[in-house]
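Below are two complexes that have subunit A in common, paired first with subunit B and then with subunit C.
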Partner chain A sequence: MTLRREWWIQKGLLAATLTSVAAIFLLLFLLLYFSFPLLFSGDLKQLFSWRWNPFEGHYGILPMMLGTLLLSILSTVMAFPAALGICAFIYTHRNSCLSRLLLLVVHVMTSIPTVIYGFVSVFILVPPMRRIFAAGAGFCLLTAALTLGLLILPTIVLVFHAYLTQAGGSLRAVSESLGLTPMEQFCFVMLPSASRGLVSALILGFCRAVGDAMIPLMLAGNAAQIPASFLDSIRTLSAHVALVLATDSQSMAYQSVFASGLLLFVMIAMVTALAHHLNRNMLSRCR
Partner chain B sequence: MRKIAIAVSALLLMFFMICSVQAADPLVSFAHLKGTIEIAGGTAHIPVMKDAARAIMTYNPNIRINIAGGGSGVGVQKVGEGLVDIGNTGRALSEAEISRYGLKSYPFAMDGVAVIVHPSNPVTQLSAEQVRQIFSGQISKWDAVKGTSDDIHLFTRDEASGTREVFWKKVLNKGSIATRADVVPSNGAMKTAVAQDKDAIGYMSIGYVDDSVKTVVLDGVPATQENALSGKYPVARKLYMNTKGDPTPLVKAFIAYIQSPAAEPMIRKHGFDPIK
Partner chain C sequence: MNSLSSVLEVTNLSVWFSERQVLSDIHLSLFPGELTVLIGHSGSGKSTLLQSINRLNEIFPVCRTQGEVQLCTERKKIRVYQSDVPLSEIRRRIGMVFQTPAVLPFSIFRNVAMPVRITLGYRGNVINERVEWALRQVSLWDEVKDRLHKNASTLSGGQQQRLCLARTLALEPDVLLLDEPTASLDFKSARKIEALLGELKTRYAILVVSHSLGQTLRVADRVCVIRDGRMVREMGKQELRNPAEFYRVIETYF
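Up next is the complex of A and B:
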């Protein structure tokens, strides 16, 4: 009886896995299918240039690619120390009310819709940014990065926290018996042993930042230019798709949407592959 | 309590009956029709479409009208691929779109596009030439147009916007817009951005203007829908419904209704001017 049930569970899980994998391949296939005419028509060179001005016949999406990279890196860099601090606090104050409350808040943060972050930031973050720096309208790389950092913070915290709890158990007992304080445990035992988890958490957060369209669309200003400072307006690939999707479907501008989609897909795939490679190297070094 | 409820429902019933009797005349063409109309596209159209749909569906429950947004570009694509019966656009169709899909256009309302600034901005009027210089980046401070000594913050719309297209053609004479201008994705977002920033300048559909922003008098002509319809204020566009080939009788009746005098109050109510 139990064997039979196990068989069903196994098949069920297999089916679920295959469906998800198939969905991803279908997505890639459709993206390739739609950008096929583009890839072979020689128009591709037009897209890989630094100037976007569809009314004058310039369709370069490289500024958007740069925008995506800058924004994602900056927001991950901002979220990283905060996430590490929160995890250290939760670890060292494991049984206190405060750390449980903090964990709860982080959980709640994951369920707030992105558009709320964007909307609230438009009203409470953009005006002070404009006043304090007095450079432009306040819709800029830095504003978007601050909000996006906040958005990806819970992802990083929760993934890393899960790794810590998983790796915890025996390591904690041993280090405690050696007389290490909770902070020493965290810094010298847990952090090195869970570094894989930290990398995974960061990659996940980074990929979320790359893929998010709402925050940059509402806060980054969307000017298709190469930013000279953190206070310049930028456009990301995801925001570009959202902005251009409704244009004349026969135009070159519309074609750039598929190229942007493909580029986003490739970027995320590359980052994930890189993370996988790093993890394997780290693992073999540990052994 | 119950008596009041009965009295209220009786009154409501009477009200609806009177309404349907009054509305009966222009709706008579729908009397023997049934089926579904699918509509998608331009977001400025939606309030007008919804009011008309409500009147028609109340008159004849055998008719269903579904309305979705998506923007002008989505409207063209959906109607072109045969996914909807009517695709709305806030701009005239391009030659490529008409020839590829065989679309027909039906304009029904006029919508002006106004240059807007923050209500506290001392600048009240600009010439078209000054607006061109501001948007191209040649003028970057407000004091060049008798304003404060602050930097001008430029706001423009996305490339798919019908509002941008008419502004670009009729005010900017197809001139360039500085690359550093911030791009906002909708009329609503434009209003929010300009209403918050005392140094901002942007442009949007007059139908969306309220007290939170100030319209600029352009070349001596105030930006109002009346002036847009009379042609005194030249920065205006038409709102279109589009069908693929000839419409079915039901869709034809719907288009005729929107273009008829019966729909004029609905169009006016939402800030546009009906085309006669």
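Up next is the complex of A and C:
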């Protein structure tokens, strides 16, 4: 009876795993397939150039790649200290109402649709940005990074918090018994021993930032250029895909979408692989 | 005769977990130069008693404690549950080693050095000396001196237990609370720890939880029997000198 049930569970899990693996490979295959003509024609060099001006026949997507990298890194860098602070607060005030409330707010934040973040930012963040810096329209790298940072904040907090609670119980008792205050526990015991969790959380947040299209589309201004400052408009790969697909379906511009997709895919795969590698290294150092 | 100079005094201590009373009206005194052994059934409240002495039970939100614990050091008296002395100092002065070895997931060196640096505020070479001193105390130095920077979890269970003891000793406690320090050790390492306890008790007041009656007879200056959260019997040196009598008492009270 139980054996039979186990058999079904096993097969079910196997099927689910295979399906998701197959889906990923299919995705990769399709991306490759569609960008194939591009990759092996002379257009490739055109694609990987720094100029995007479809009306004059320049189809370079490198500015978008730079935009994606800048925006994701900047927003992760901004979300990191905030996430660390929130986790520290929740850890050091673990039984207080305030920390429970904070955790609840963070949970709720994850369920707010991305478009709301963008929408609210357009009205709340963009005007003061325009006024304070008195440059441009307020739709720029910094505005998008601030909003995107807020968007990936709950992801980082929740993943790291889960690590902390998982590693927490016995470590906390030990460090209490050694006379460490809650803040000292967090800094000198929890943080070092959950550093793997922190890296995972940051990577996850970063990948979310790379993949997000809505925020840069709504807030970054979408000029396909190399930004000279944080106040310049940028375009990301994801926003580029969305923009071109919405307007065009034939030209070289259309083709660049597949290359963008492929590039996004490769970037995220590389970051994930790097994270995996880091984690394994840290693990073996601990042993 | 030395009742005047007790290092630690527990009076009227009761502990509840949620609504369940786990300890009732415990009285206990620890004296310098004496090793007190606490024995009792599994679940009788031994670990809970140890934890309520250094207020470690406060990390369980459902735990409620009543009564008084007083720590008398050379210079001052600290009322553990009402004092304005910071909790971290209380924890440092009342050193505790857990029932299961609980090393931090760091290197052997850092396990001892980090608390010394943070709680005692020591810096530089003093820390290295202190670490070596503590590891020598528990006769672990020779075993680990070549791999101080390996992760502490690479040590055997017994070595880990001794490392935890060293970590506690390095913080210069006044009182030692040891929860079954030999539970995970083979008989030879256990004997080593017992010998060590004999040395340590000249400098610290020690309270040890033990499950082994033989061990109790070997190391104890005083024995307290706890049953269902009550202290039911206390035996002094006189009674312990006569093993037959000891076993008879245990038969009746355990």
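Basically, the second predicted complex is superposed on the first by the 284 of 287 C-alpha atoms of A that agree within 3 Å, B and C clash if a C-alpha of one lies under 4 Å from a C-alpha of the other, contacts with A are read in each partner's own complex, and residues count from 1 in each chain.
Note that a residue touches a chain if its C-beta (ideal position, glycine included) is under 8 Å from a C-beta of that chain, and two chains touch if they have at least 3 such contacts.
Note that the structure is a prediction, hence the values are computed from the model and not measured.
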Partner chain(s) touched by A:T272 [first = subunit B, second = subunit C, both, neither]: neither
Touched partner set for A:G179, first subunit B, second subunit C, both or neither: second
Superposition-derived comparison: subunit B or subunit C, residues of subunit A touched: B
First (subunit B), second (subunit C), both or neither touched by A:N95: second
Partner chain in contact with A:L171 - subunit B first, subunit C second, else both or neither: second
Which superposed partner A:F188 touches (first subunit B, second subunit C, both, neither): second
Which superposed partner A:T114 touches (first subunit B, second subunit C, both, neither): neither
Common interface positions of subunit A, toward subunit B and toward subunit C: none
Contacting residues of subunit C [partner subunit A, same complex]: 54, 56, 59, 61, 86-92, 95-96, 98, 102, 104-106, 114-115, 118-119, 151, 153-154, 167-168, 171
In the complex with subunit C, residue positions of subunit A that touch it: 95, 167, 170-181, 184, 188-189, 192-193, 285-287
Interface residues, subunit B side, partner subunit A - complex: 70-74, 76-77, 80, 94, 96-97, 100, 151, 153, 155, 158-160, 168, 174, 176, 179-185, 189, 192-193, 196-197, 199-200
Subunit A residues touching subunit B - in the complex, by the definition given at the top: 52-56, 122-123, 126-127, 130, 136-139, 217-218, 221-225, 232-233, 235, 242-251, 253-254
